[in-house]
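First subunit A sits with subunit B, and in the next complex the same chain sits with subunit C.
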Partner chain A sequence: MTDKISLSQGGGGLDSKQLVDSIVKILENPVLNAQDDAGIVSVGSGKIAFTTDGFVVKPIFFPGGDIGKLAICGTINDLAVMAAKPVAISLSLIIEEGFSKDNLNKIINSIKKTAGEIPIVAGDTKVVEHGAVDGIFITTSGIGFQNDSCQPSGSNVMPGDVVIVTGSIGRHGACVMAAREELGFFSQIQSDVAPLWELLSPVFKAGGNEIHACRDITRGGLATILSEFASSSHIGFEISSTTIPIDPDVKGLCDALGLDPYNLACEGRALMSVSKKVSDEVLALLKSNELGKNATIIGLATDSHPGMSYIKTSIGGRTILEPPAGELLPRIC
Partner chain B sequence: MIMNTNDLVANLEKSIRENVRWPMTIMEVCGTHTQAIFASGIRSLVPKNLKIISGPGCPVCVTSQNDIERMIKLSKQNKVVVCTFGDMMRVPGSTGSLSKSRSDGADIRVMYSPFDVIAWARREPQKEFILIGIGFETTAPGFALTIKKAKELGIKNLSLFSLHKTVPEALRTLAKSPTVKIDGLLLPGHVSAIIGVKPYQFISSEFGLPGVISGFEGLDILIALSDLTRVITDKKPIIINTYKRIVHNEGNIIAQDLLANVFKPHDAIWRGIGVIPLSGLTLSSEFEDMDVEEKFDLEVPDCPEPIGCRCGEVILGAVTPPECSLFRKVCTPSNPIGPCMVSFEGTCSAYFKYHVEE
Partner chain C sequence: MTDKISLSQGGGGLDSKQLVDSIVKILENPVLNAQDDAGIVSVGSGKIAFTTDGFVVKPIFFPGGDIGKLAICGTINDLAVMAAKPVAISLSLIIEEGFSKDNLNKIINSIKKTAGEIPIVAGDTKVVEHGAVDGIFITTSGIGFQNDSCQPSGSNVMPGDVVIVTGSIGRHGACVMAAREELGFFSQIQSDVAPLWELLSPVFKAGGNEIHACRDITRGGLATILSEFASSSHIGFEISSTTIPIDPDVKGLCDALGLDPYNLACEGRALMSVSKKVSDEVLALLKSNELGKNATIIGLATDSHPGMSYIKTSIGGRTILEPPAGELLPRIC
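Moving on to the complex of A and B:
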């Protein structure tokens, strides 16, 4: 490691993990150490999930969404995957001088529409001189109530668990990549950005504590989430590549640019590890929702190679699925 | 009869197993093959006595240390914009990397197509735009077209640092080398799409080595391996094209004409190999005013390769990455010491990513 922060430490891969670990080491406490999407805090007899996230996506408006929708979905999803019903969100805006008022209004209206019945209960604005930020950066925090009967965590994966992805992977990463002017693509790949609470809540209700782990697939993609589960739960995975849903437009972009779809971010998909006895019911419940209609079982958890994920390729070869390392695409969320 | 993929794979596996009657070593010479062989898990499907080694097929990896230093030197000039493909950014030279130059304030831009640079050069006429021309016959036509177009448009502030290399001459050097012991070659599909099949014939006629042109899907590679192991066993050193949906016998004549018009062959330095006569492309006399050497002094002190780094031997297939003492311990994708760890097509990067330790 050098003495300066590099872009590769923001991409969500191995380098990001090292940066996060170095911060957690200083601030350490049992809640933070778990490095889940939200921290669980006991208040009275209840459990509150608390999360925060920053958004710096470029471009600010992209097919299927904008930075405002992304911020709200990201916050809702960090709570939702912890089986916590989102109840309130705060919003902090850092705006570059000269930013269009019209675009700001578009973003705020998008935030309102996406949040729906979840109130934005606190906020802050800062305006900084030209060049100090690129247009607008958003930070949100959210709180949610966690149901006692279901407390998924990345460290709860059990051998024999069935691994389910709630939809096709890589859409958001591919969308932002294609939307960047410098690539000169005329693609209209729509981001999958969407709030996941309505999709996941019935699953948690039905599956209870048989839902062992759930995480939204964001930076670093599917490969990164599998690796996080594997290392936190000291478990391995056997994944079948032919079952992983990837849309043809995303596959095409990946082939053209030499990208690995397993490393690309989603913003409206979750990866779940559930016990075998509820897997059929979970899959059926997911598929009954439009957002989860392409939900698929992609593999199994095993105790035979802890910390490692193996993938069976389309020609039946077996290879290791690793989280990405080095510099990924910066500023996708 | 229409076979499904599983049956087809099973048949190919069986035929490869039957063909490999004694230990065989084959070499692929294309970074995309290196990557695809690992990603599709081919090694887990072929018998252990079929050794697949990677040759000098990753353009970034064969770039010499001096040329990397020249790029860094160029990037430090006033009012100069260095335009490069992304995987060159983090390749370490002796005094840093393009990435480090950029964080120190140099104007270095990652291009996705050399054509982008024409628009940049027109928009900012006060700056000199230098295209870093990296790659084999596959990428060279895009640069040739850019140079030709820039000349037609009368653009004066664009020049090319041509490090383009050509594959057949490198294969000749490999075939001649006493240290490279191979039974056959997996030939690069994309390069062949440009140059066709004929330029490989000397491999079989002069050196008695067979070669098979292959595509890049897992199934393409299995088919090519099945053919290659068969002709090795049969001791029939012929060149076979198994990528006919893309590669025609004559190649792409338009691209060949373009290359012949804009470039001329010259001696090029390959990392790990040294000078290979007439294995590089430099601008032809019609376009030599756009050669970066006409505008800038490219003299740099002779740069040694990093201490302990064995990229040069890895490129020749003489050692595998785990045999290098720096591999995984000091040299990682986050902290690459040699070029083979930087490019995702590099052999060391693939070995690292897929945890291959032999």
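Moving on to the complex of A and C:
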């Protein structure tokens, strides 16, 4: 690592992991070391999940959402994938002097609408001089209650597990890229940004501890989440490329720009690793919700090549699925 | 309010309050409406305090601290003044491309040291392109457990209450201003930034529900906290200026620059409003701790002029103590 922070350390790939690992090493504690989506804190007989995320997306308004909706969904989803019912959110705003009051109101209204029943119970607002921040940055944190009967973790994947993705991948990354570059036809691509608690909650209830791991697919895309699971759980994956749902518009953008859809961020999709005995029920439950109607089984976990994921291509080949290394799309979220 | 956000809305004065009120109005819920330092969420038989703060201080290193120490103290103190024992902190970093890795390590080490026994259980790191953020911004959130026997609130001040400040005021504001302006002699002024749980915890234990209100004195200074208490509790205050502890170096800076020390931020002081029957015990407990050795009774709460604070001057006059209106010192924290 050089003596300066590089942009590639913010893309969500391997360079980002290096930076985060160096910070986690200093802050050293067992909860943070797990690097799950939320830290778990014991309180009396229950468990509280606690999560935080900073949002710096550009543009702040994009087809299907805005920085406010993105922030609230990000926080709800980090709790949801830990099987923790979101109960309260905090909101920290850093706003550039001269920022439009109308746009601020739009963002706050979007936050209120997206949070729905979950109250924003704490907030902070800073205004900084022109040029000290690019428009508005939002950090949301959230707490949720985790049930004893279901505690998924990235380090919990078992050999033989069935791997399920809850919907088509890469829409958010494709949407932000198209909106940023003003890519004509592709500028119509809508982000998949959505809160996932209502989708995932019945699955956790039905599947209990047979739901081994669950993570929302954000920066670094599907390839990164598979790599994280493989590394934390010391298992490997066998994925079939033909089963991975990718919408035609997203595929078109990827083909046109030479992007790998497996590296593109989603903001309303989760990857689950569940035991075989509940996989059919889980899939049916996901499909019964509009947000999960395209849920698909994309592969299996295996103990035969720990830490590595293989993907079968459409023409019958088999290659290693690697997470992206450096700069992907900074400011995607 | 104009159609653009102004810098004066970030200084901590009345303009800031206007902006925050407009946001709170949209997000409307009873917990946020209270505008205490932390929101209180019920969990089983207990209560969790939840708080968040964004830190944009400039310079990021100053005499007595740095942005990391400031962030952790700010979060610990927002919980501490609600009589909530801090149990977990989250850390969100937004870093400018090109930021010094050495400085980042210094800040993270400072965070670890200041947090002490309180674990950082969740984190997020974003890197943005050069010019999109001024160096580094940090948002910390925290959760704490509140005991049923003591639940101070800014809306809980009672007529006849004794008003206590835990130490000399204005050091942090004076320190940052002097460091920023390179004001020769005054550049030696050390910030008062410090975590307050160890100081306040014995007071809450001893005073219980007789500790009516407690708030850390940050942006907007003593005058702002008194105004917030007066407004939320529909009471007034009679304050004696000669009793308010102000250190000679801070007083010197204020005299030299024509600043009002009552408007200057602290980051390691609290203002308490407690019932008369426990005030002597509270004062003694505060004074027994190094951080509270200069704790002083500075006045009384009264029902004779709700919402207004009067201050007796050293020459026997009596004037209204008003909170600052607009731009004070942006990026003080």
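The rule is simple: the second predicted complex is superposed on the first by the 327 of 333 C-alpha atoms of A that agree within 3 Å, B and C clash if a C-alpha of one lies under 4 Å from a C-alpha of the other, contacts with A are read in each partner's own complex, and residues count from 1 in each chain.
Just so it is clear, contacts are C-beta pairs under 8 Å (C-beta built on N, C-alpha and C of every residue); 3 or more make two chains touch, one makes a residue touch a chain.
These numbers come from a predicted model, not from an experiment.
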Which partner does A:Thr313 contact after superposing on A: first (subunit B), second (subunit C), both, neither?
first
Subunit B or subunit C, by number of subunit A residues touched
C
Is A:Ala284 touching anything from subunit B or subunit C once the two structures are fitted on A? First, second, both or neither.
neither
Between subunit B (first) and subunit C (second), which, if any, makes contact with A:Leu14: first, second, both or neither?
first
Going by the contact rule set out at the top, does A:Gly131 touch subunit B (first), subunit C (second), both, or neither?
second
On the A-aligned overlay, A:Ile48 touches which partner chain: subunit B = first, subunit C = second, or both, or neither?
second
Report for A:Ala256: first if it touches subunit B alone, second if subunit C alone, otherwise both or neither.
neither
Can you list the residues of subunit A that touch subunit B in one structure and subunit C in the other?
1, 4
Contacts from subunit C onto subunit A in the complex sit at residues 1-7, 9-10, 16, 19-20, 22-24, 26-29, 31-32, 38-41, 43-46, 48, 50-54, 56, 87-88, 90-102, 104-105, 108-109, 111-112, 119-129, 131-134, 137, 139, 141, 143, 145, 330-331
List the residues on subunit A that touch subunit B in their complex, please.
1, 4, 8, 14-15, 18, 182-184, 258, 260, 308, 311-320, 322, 325-327
Show me the residue ranges of subunit B that touch subunit A in the complex, using the header's touch definition.
5-6, 9, 38-45, 86, 89-90, 103, 110, 112-113, 116, 218-219, 222, 332-335, 342, 344, 352-355
